[in-house]
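Residue numbering begins at 1 within each chain, and the chains themselves are lettered A, B, C and D in the order written.
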Amino acid sequence: MAALPERGEVATYIPPLAAIDPRHFGLCIVTADGTVHMAGDALEPFSIQSISKVFALTQALGKVGEALWNRIGREPSGTAFNSIVQLEREQGIPRNPFINAGALVVADVNLGGHEPRVAIGELLRFVRYLADDDTIAIDEAVARAEQATGFRNIALANYMKAFGNIRHAPELTLGVYFHQCAIAMNCRQLAMAGRFLMHGGRHGRAGARVVSALRARRINALMLTCGHYDASGDFAFRVGLPGKSGVGGGILAIAPGRASIAVWSPGLNTSGNSKIGTLALERVAEATGWSVFGAG
Amino acid sequence: MAALPERGEVATYIPPLAAIDPRHFGLCIVTADGTVHMAGDALEPFSIQSISKVFALTQALGKVGEALWNRIGREPSGTAFNSIVQLEREQGIPRNPFINAGALVVADVNLGGHEPRVAIGELLRFVRYLADDDTIAIDEAVARAEQATGFRNIALANYMKAFGNIRHAPELTLGVYFHQCAIAMNCRQLAMAGRFLMHGGRHGRAGARVVSALRARRINALMLTCGHYDASGDFAFRVGLPGKSGVGGGILAIAPGRASIAVWSPGLNTSGNSKIGTLALERVAEATGWSVFGAG
Amino acid sequence: MAALPERGEVATYIPPLAAIDPRHFGLCIVTADGTVHMAGDALEPFSIQSISKVFALTQALGKVGEALWNRIGREPSGTAFNSIVQLEREQGIPRNPFINAGALVVADVNLGGHEPRVAIGELLRFVRYLADDDTIAIDEAVARAEQATGFRNIALANYMKAFGNIRHAPELTLGVYFHQCAIAMNCRQLAMAGRFLMHGGRHGRAGARVVSALRARRINALMLTCGHYDASGDFAFRVGLPGKSGVGGGILAIAPGRASIAVWSPGLNTSGNSKIGTLALERVAEATGWSVFGAG
Amino acid sequence: MAALPERGEVATYIPPLAAIDPRHFGLCIVTADGTVHMAGDALEPFSIQSISKVFALTQALGKVGEALWNRIGREPSGTAFNSIVQLEREQGIPRNPFINAGALVVADVNLGGHEPRVAIGELLRFVRYLADDDTIAIDEAVARAEQATGFRNIALANYMKAFGNIRHAPELTLGVYFHQCAIAMNCRQLAMAGRFLMHGGRHGRAGARVVSALRARRINALMLTCGHYDASGDFAFRVGLPGKSGVGGGILAIAPGRASIAVWSPGLNTSGNSKIGTLALERVAEATGWSVFGAG
């Protein structure tokens, strides 16, 4: 690994993430025919963090459909993942479902008047179904640590509550959010869970319909324009695939019709996205010609 | 036309644009095999305005290569096309080459120490070459009107000059910019000029190389994430193709490997993009399955 | 009252304030020789709300001295009283002690590791001492209502906690803040409590020293530049006296060396300051020549 | 001078200012009885720069009266002197007449359809009259240097022109502005010119009326809340007098009814105000008890 560029810094805001060895690297590619390619620590679980926003968004769209967009925008934010500035200017409507504020509204939708553990259980079952793997679980130590230090997210939720864009008690919505971020998966599970976005909304090439083809395309579009916070443009420029990163060092990337790819390397770049993970995806895209922006 | 939704308002900031009949509609699709499909006013010339930023960017990358990105970012701006706020926060570095500030830096690069008319002549020849059409010309009445009313662009150029990110006298750089915006093309010419972005950088399927395949992909990526100002996310969500709009009502959209599409309808939506043009592209993408985010 | 201009709207964000009759008007002027002039409902108690920030600031300066300014700025904010935007740009340091964010840091200082009710008790005793009136009390219904709806303040406190500029658990600091805002006083009590700012820091003309003369001047300076949120400049322009307003419709104004003035009229202007109260102070200043900016 | 704190940096954006010896220090105090006290380089002329905004504002109020406030606000900006951000949010209306944008609107009012040299001549005569000194002149080398490097001001003027808040051709308005900034005065002339603000609008204690007493108070109020850009609050806190600084190192401060004070020391603090000048005024105010916020 000596020839690789510097690995970046692991997230340190909670002890369970700070303790991760930065030398981990895992990769799993599931191609359209169902073949699974794995490399490195592809079976080592990690905290998926913001990658959970893709599954939570899919769940929320299933509940309320396009009405979701009355409460969340669909535009890149131009600001950091946890920025509160944009919310003041735009009256409590988050720019998109992948910044923290947007994901909190999604969690509020998914809560739907139930107990937080009901909503969390439902999301967990959905992810297990997508991945065909019932062993996926929540890392309670991570969830507790998020809760204990998540002052900025608490601020975001209460701020939107002041505008009426959080419907439940903020602490309940936050409970859902902190737990969904604490889902632990390995690269294999994550790549499997992303298959429905490769297959136009189907669970496998000829599988049951998870979402409509139109919805799958739209989720991919949101991942491409908003999936990497204020480095989304750079990710599109370099990798050319819809992708969603998490501060745990994971990235889920989709080559529509071709592959679902999960990569994990805990060191982050200055925008909070996996440094080596992004580089690995850039090389995969270059080698395979899978960029959505053209071959060759 | 009665069944169509409302057409939007034509741009009124300069008389030559305000005088355009909003009922115009033109469409041209050039597919990968070179077939040209036209509908409506596809041979009627219009002011391409900001669509020129795609060609000017290509020209600038040819001159200075990736060093261009030292002076311009590659991220969606999250703000309107003519916003100056972001420039103050980010010390005169525009967010991307498709907002006005970024396009002014591109014009400054293309000026390269020459007279404005030299740089403009060079760009015009490049566009004619791309479109295989030597009749493409600049509408001098539009150029003069832009110059007479372009106070916000004059402000942007001088503001970046204060940060040292405009190298020439601002009025020279602005001269290049105002003239490039005044290029008049019809849908056929525009779709033809966009072929190199469909063909991985080649002038036609087996044609000469205009830019590398990597560069063509990257320009497509920038068009997708930044091509419609603060409605870029919405365009990606609805149409799913790299595209660049102009305030004259034109849009150039690229289906990599499949088609180059130009549409024109002068009425604009609230984000300053062609209202009917966006709708037409949404329907074309739906009917053809050309979205980069998946078929079906 | 028919000849008076429109009275403005009473604050409606909590029921106890929304229920106040907008026709109330009270005025009390205590001059340097100790004479008390009263008019209208000068003995009717009202919720002093943000006027409490003056007393809390004085208390905090007594505890930590000028070190307070490491955690709070001294500049007008240029934004609304409950804005969170400035905090993001300036890393959790509020612009001044009179916007809500700054007052929360002041409350955090006053909390000082004790129970919220200890800090509140101390502040209440300080205000009673300043006013020479032990009947001043907290309106518990107002305090509960603030707590139940104060999502924006909860957001501000948690946001600053994320930057480390709130030292206690945010709910404890908020408890102090919500209770201090719920102090009920009448115009007479308020004007009496403001005497130390008229008398160069003394409790009455020849009274005991409450704060140094320098500190009294500085508190007056802060009231003049920051006491009316984003209408502070306008208040200085029209009235010409240091003043602090509250959303309950009260204003405390100081004519240094001459008078302490309290006015109350519940209807607010668009900046959240008492409409008739401001007008009354403008007329008092005009009639008396008490403006700090010159006589005649 | 060795015991004095560090002197700050002289302005370097134009050669004539960069060449000034930072060791200069001048002070002139004109008291209410007309006595003139001088110290140091009080007869050495310097570039008054933004202090000219006080005289230009007075001139503009004389031309259009309170209607001026339809085009300019009266609030502290919360941002730097040359910020453009606030203008975008507030549609081309500058926050106050002492930030550059506001002073440009004032210059536009003073231009009044005439040639720039007419407006400049009128302002110069007004300043000479206020100071009783016909030797006051414009430093043409400074004016030319301002014009050659004033890209940010050119940006501001064109930006407001786009909103219709500059009425003349921007280059004409800028011509007035650049020349007014280049007025050279010494401390004695400046303190003399400020007398009308000490004397409630009169030219000397029993002199002719320059402006009404109300207008004099209001100009003083604007100087106090807005006269030192984003350090206005700090100046009020420390000095407690209405004041206006210039980047040439001068400050004019007014003790209403008591004194007009001019100080000059070319080294600037990080907010662009004279470092030693501010300190000197702090000491003068402390020693004399002239603070508007109370004696003692």
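The definition used in the following text is that a contact is a pair of C-beta atoms (placed from the backbone, for glycine too) under 8 Å apart; a residue touches a chain by one contact, two chains touch by 3 or more.
Molecules present, by chain and UniProt name: A, B, C, D = Glutaminase.
All figures in this text were calculated on a predicted structure; none of them were measured in a lab.
Visitor: Counting one step for each move to a touching chain, how far apart are chain A and chain C?
Guide: So the least number of steps between the two chains is 1.
Visitor: Which chain is most remote from chain D in terms of Cα centres?
Guide: A
Visitor: Please tell me the distance, in whole Å, between the geometric centres of chain A and chain D computed from their C-alpha atoms.
Guide: Averaging C-alpha atoms per chain gives centres 54 Å apart.
Visitor: List the centre-to-centre spacing of chain B and chain D in whole Å, with centres computed as mean CA coordinates.
Guide: From the centre of chain B to the centre of chain D is 45 Å.
Visitor: Just curious, how far off is chain D from chain C if you go by their C-alpha centres, in Å?
Guide: Between these chains, centre-to-centre, one finds 32 Å.
Visitor: For chain A, which residues count as touching chain B in their complex?
Guide: Residue list for chain A touching chain B: 73-79, 86, 95-96, 197-198, 200-201, 213, 216-218, 220-222, 224-226, 230-234, 236-237, 240, 242, 256-257, 291-296.
Visitor: Quick check: in the complex, which residue numbers of chain C touch chain A?
Guide: Listed in rising order, the residues of chain C that touch chain A are 83-85, 87-89, 151-152, 154-159, 161-162, 170.
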